[in-house]
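For reference, the structures are reproduced in the following blocks.
First chain A sits with chain B, and in the next complex the same chain sits with chain C.
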Partner chain A sequence: MAGKRGDHEYVPVHDIVDGKELRTFLEERKLKVENLPKIFSTDPQAVKLGAKEGQVIRVKRNDHSNEYLYYRLVIK
Partner chain B sequence: MNEKKREAISEFDVHSGEPVGIIAAQSIGEPGTQMILRTFHYAGIEATIATSGLPRIVELVDARKRPATPITYVYLDSEARKSLEKAESVAKRINEVRMNGLVRRAIENFSKGTVKLILDMQAAEAVELTAAQIAQKLAKATGYEASVEGGSILIRLHTNNMKEIRSASVRLMKKVIQGIEGAGKAIIQQDKSGTFYIIAAGSNVSEIIKLDGVDKSRLYTNDVFAMYNLFGIEAARNTLVNELKKTLKEQKINVDERHLAVVADAMTYAGDIKGIGRHGLSGQKISVFAKAAYEETVKHLVNAATFGEIDHMRGVTENILVGKQIPLGTGSVKLAIKRSGSKKVESEKKQDKPQ
Partner chain C sequence: MQAEAIEYIRFGVISPDSIKKVSVAKLTVPDTYNEDGYPIDGGLLDQRLGVIDPGLVCKTCGARAKTCPGHFGHIELVRPVVHSEFAKTIYMILQATCLECHRILMDDERIEEMRKSLAEESESEEAQHGPQQKRIRNVKKCPHCEAPTAKIKLSSPTYFTADERRMKPDEIRDILAKISSDDLRLINIDPTITRPEWMVLSYLLAPPSSVRPSITLESGERSEDDLTHKLVDIMRINQRLDQNINAGAPQIIIDDLWELLQYHVTAYFNNETSGIPPARHRSGRALKTLAQRLKGKEGRFRYNLSGKRVNYSARTVISVDPYINIDEVGVPQEIAEKLTVPFYVTTWNLEYAKDLLSRTSYPMVLNIISRDGKRKRIIDTNKDEVLKGVVAGDILEKQLVDGDMVLFNRQPSLHRISIMAHKAKVLPGKTFRINYCTTAPYNADFDGDEMNLHVPQTLEAQAEARYLMLVPYQIFSPRDGSAIITNSEDGITGMYNLTKETTYLTNAEASYLLGICGIYELPKQGKAGMYSGRDVFSMILPKGLGYEQQTAHGPFRIKNGRLAEGLITKETYGRDNGLFVKIAMDYGYEELKDFIYISSKLADAYVTLCGTTVGVKEYSIDKKLEDERSIIITETFSKVSKLIDDYRNKKLEPLIGYTLKESLERIIISELNAARSHAGDVLARHEDETNSAVEMAKSGSRGSILNLEQMSMFLGQQATLSGGRIKRGYYSNRLLPHIAPNNIGPAARGFIVTSYYSGLSPVDLFMHAVGSRGSEVYKALLTGRSGYLYRRLSNALQDYYVRDDKSVRDVNNNIIQTVYGGDTISPIYTQFAKLSKE
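Now for the complex of A and B:
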């Protein structure tokens, strides 16, 4: 469950995604940005990245030996 | 992974429209009936026994702000984990020592305005404190005048008001003299490989992480909200999965981790931790009928009528209610007949966009 470069065993790697990656992700699944799971801009990991409202944070999750990406929309 | 393997696995992927939430609920619920319904407390065992079984599951799923038995696992850095001496010094800085654990009797003298605290020297020795040190720390923490008299501490309050003296003495007894407030009793443990770590019966991780000698990357508590506040929503989600898994495993119940992940993802979807129930997830349902079908039927219907709400009938509950096919599995697909040149169909299509 550990993130490879994360600061903590239980915190997977977070980073802010750029527009292109996000657009293809959303188009493939016919989603709107508002449909994504949320993360508060006051969340410790969002603060660390300096993420602002409306940006999307990509989480490199690693559960049960299965790596995948999870996206969260930054909200206030 | 090679292509063939990937293709073989992809046949077992969850399909679009699969009701994973309901499957998760059933998969946890059915074996859950075998769980113990009450936690037992044993007298005389020093280490705290964590809540287990059904009460713990309920606590997690309801997203209670504080667990009944918070426990923090403090792992130590490469230096401290090998030496008992260093581990003890870290444990000493964590171990919460309150005044009421050190005092045998408190005598309030209302005419002189003093409180005499008769110390339990054995308890004080156990945490390596002398009477003079306690008096000094107490004076520093409260601002009162404190002096040592043999095995007791005399506190002068310079007032004759009974109420003030009483409340001051109550406050004195609650003061944390050593360690971290809210960290609880800290016990040193040793694992099979001889590495030392500390278990604390509290969940003040935001203070514990500031200490030297603590491995900041492995600090863990079973208090989901403490993990959320310190490390964020993703850590809270992982803690939830881990705690659910641990609790079920204790009871020798095998539930696939992915069911637990669905529950944890649903609870953390909105960026904070929401319980499953009226005030959490179910309370957020958009459909008026779904809300009315659950609880407080009249209140929801009256409110909806008053404010002219619209129900798009996209959920399961409301469609069962009116006898329509539910939008899950094969029901999640909609069909439209395309008659060339028909503008009506076109406009309907726009309205019926899935989700």
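Now for the complex of A and C:
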């Protein structure tokens, strides 16, 4: 079996998002960080990125024909 | 829905102290009223518990019957009894504790371990408890005092024994009381909220009289509530027990009465407790006690809290009317006269309002609601007075008339189009009438179905109904964007026949058809003074429409509002089509709705005019086809027997990922399926347009080539649920005794070579029955399961909404999805999106 855990082609690209991008995203939508969907810090993708509780992970999702960004708050 | 976030809800057991605290009266007399019909002090309807008779004043709060909320009282039980609903919990606690030292049956090491894991992972508490309990049950000796553990038994509902010795409630209470708070935490009980000894009752809370009001019958006799009856029983036994104890009666008598008291208290909480005979009324009817009030479909939750009843609604049988528009609903005159729509009187419509008020026949005003909210019925005697007094701000309740917005619903309301807004059309008769094009979203038919109608009562509700729920806006299904409100079956056949290239109509025929559609001009004449069917059909198309589509019947082309080429079939008109979408995009939903309505009238008129029929004739086949059928069957059989020979001689090439046996099975199945589709092709090629069954299949109005083939060629392979061939049934690896052992040929495994027309042989019939039963069972299971799955989904998703930034949110503003559906396109508009891309 090739590839590391959490490295499948079907899994969309996950990144830890920096403060500025997150701030604009939240402000534009009048959101608090807690309003974002959650992701466990034990999730394979979070483990791969070494994400810590409280950080936000950006997912480049590709549903149908459109690409869009999805943000998930890392929780324990 | 805007919700305040609830931090938590905590349930616990009420303590005797709390009971005494909330209680306003200690009840001592096991009776309700004295001879004068006056509530007895200390009785079950003591006036301190609140009053229900008008005129009396509550002795606790001083309010009268309407405003007094009622107050709890209490009964002191002379001997404690087990709360039957907590028997299981008590049983669990007793099993986990030592009866000598009252410690939990875990050694210090494990206790420490538990404590740590509880502190760390409060969430997985429950997962921890299951295995712990099991381990505790096997402990033989108390790890703290070395005393051997007793075997606790609970025989339902409330009879406890320890090593075969009866444990009375007071003993149980004393044991429970001695368990330390620290130990309780280990068995998932928070001692600050719930002490286990509270599960054994010494005080019983008596609900206020307003919870169990007595009813005064016409004869002046009083009839008490079931709960009061049960409380009387409890108090009576309680009193007798007290007397016996004080008189120094023998222990047996005391124990008997004690057990009787336990029984009554158990029945008071739940009269359906297993292990006790239900307490009965004098008439023999089982009493409805506390649990019965809350439980089940007729309980407080499902009946009164989740289920609300409404006014301004009507229900009756539905029937068809193809001559009312699809956004209308025919309302019986009788119903229209009872239902009302509010009319808001202003200074500008005051004169009109007065005209309405002075009417003496339908449609007239039934009630007037004055500005102070008082509703007054208008009758002949007060009409003049009301007429003089009407001012701006009053609301008139006017009878339902044509064009009023109403909501129409058929249960089960599985999706949002189970409720749509229609325009009322008042008609004679006693049934609701709907156009058959709208039966699909309701899943209605006219074999006795009933439907509900609701009249929105505010202008806001009427506007919402008009602009969100009206039938034209629901034409496209929220499932995939295909049209769900559409013409079907004979209607499709009608249009198919009308738009055939060979169809020409006389002047009389064309005039008749168009007249029915409300069109009073003719298209331009074709050859020999006749009118082509396509030109007649084109008359009902929206002016200037342009549309093109490739179909199985060749190109379909509408140019400048004229059908230039192609046929109307299910492909071009009906569920999966671009034509409706094109009309909706270019002309709007209203125009589309009228197109569906008028085309259905045209189609019905034409199909009635030219007639269409199906008989056995359609399914009989001639010699030539019969020969073809035999050839297909013999060829297939020889192919399969060769495969089997190859398999037996180990010459068969296995398929990738399958064993040789599996490969053989798969190849055989695909061979047999190929035979059937081949037969279908032959049939379709052979039969011509004069066969109306073929015509129906081709136009898509009803049936398919497969159906035809099963009726006239052969039935083909009967499959099991798993999709494989049938193989079990009789012993020695065969289906029936008629089949040789180890025969795995087509006929031996459910391949039927006869048709419905030719008749099935007994063996074939058996095979067919196996298949039918399988699919019938599957269908029954599938509908139940998928229905429940859908219900859970829609309940879970119901309060989600799409914000203006196209993100999906819940009521607490949490993001569910940043971009709705990933592409912001509602399924309803998927077809629109496709069409506008082209």
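For the reader, a short list of remarks on this structure follows.
By definition in this document, the second predicted complex is superposed on the first by the 70 of 76 C-alpha atoms of A that agree within 3 Å, B and C clash if a C-alpha of one lies under 4 Å from a C-alpha of the other, contacts with A are read in each partner's own complex, and residues count from 1 in each chain.
As a working rule, a contact is a pair of C-beta atoms (placed from the backbone, for glycine too) under 8 Å apart; a residue touches a chain by one contact, two chains touch by 3 or more.
Computed from a predicted structure; not experimentally measured.
Within the superposed three-chain model, A:Leu69 lies in touch with chain C and out of touch with chain B [touch as defined at top].
In the superposition on chain A, A:Asp43 makes contact with chain B only, not with chain C. Measured by the number of chain A residues touched, the leading partner among chain B and chain C is B.
Contact with chain C, but none with chain B, is seen for A:Glu28 once the two complexes are overlaid on the shared chain.
Residues 30, 35, 37, 61, 63-64 of chain A are contacted both by chain B in one complex and by chain C in the other.
Contact residues of chain A toward chain C in the complex are 28-32, 34-37, 61-66, 68-71.
By the touch criterion stated above, chain A contacts chain B in their complex at residues 1, 6-12, 14, 30, 35, 37-40, 43-46, 59, 61, 63-64, 72, 75. Per the touch definition, chain B reaches chain A in the complex via residues 216-220, 227, 229-235, 238-239, 241-242, 257-258, 261, 265, 268-272, 354-355. If you check the complex, the residues on chain C that touch chain A are 803, 805, 807, 812-819, 821-824.
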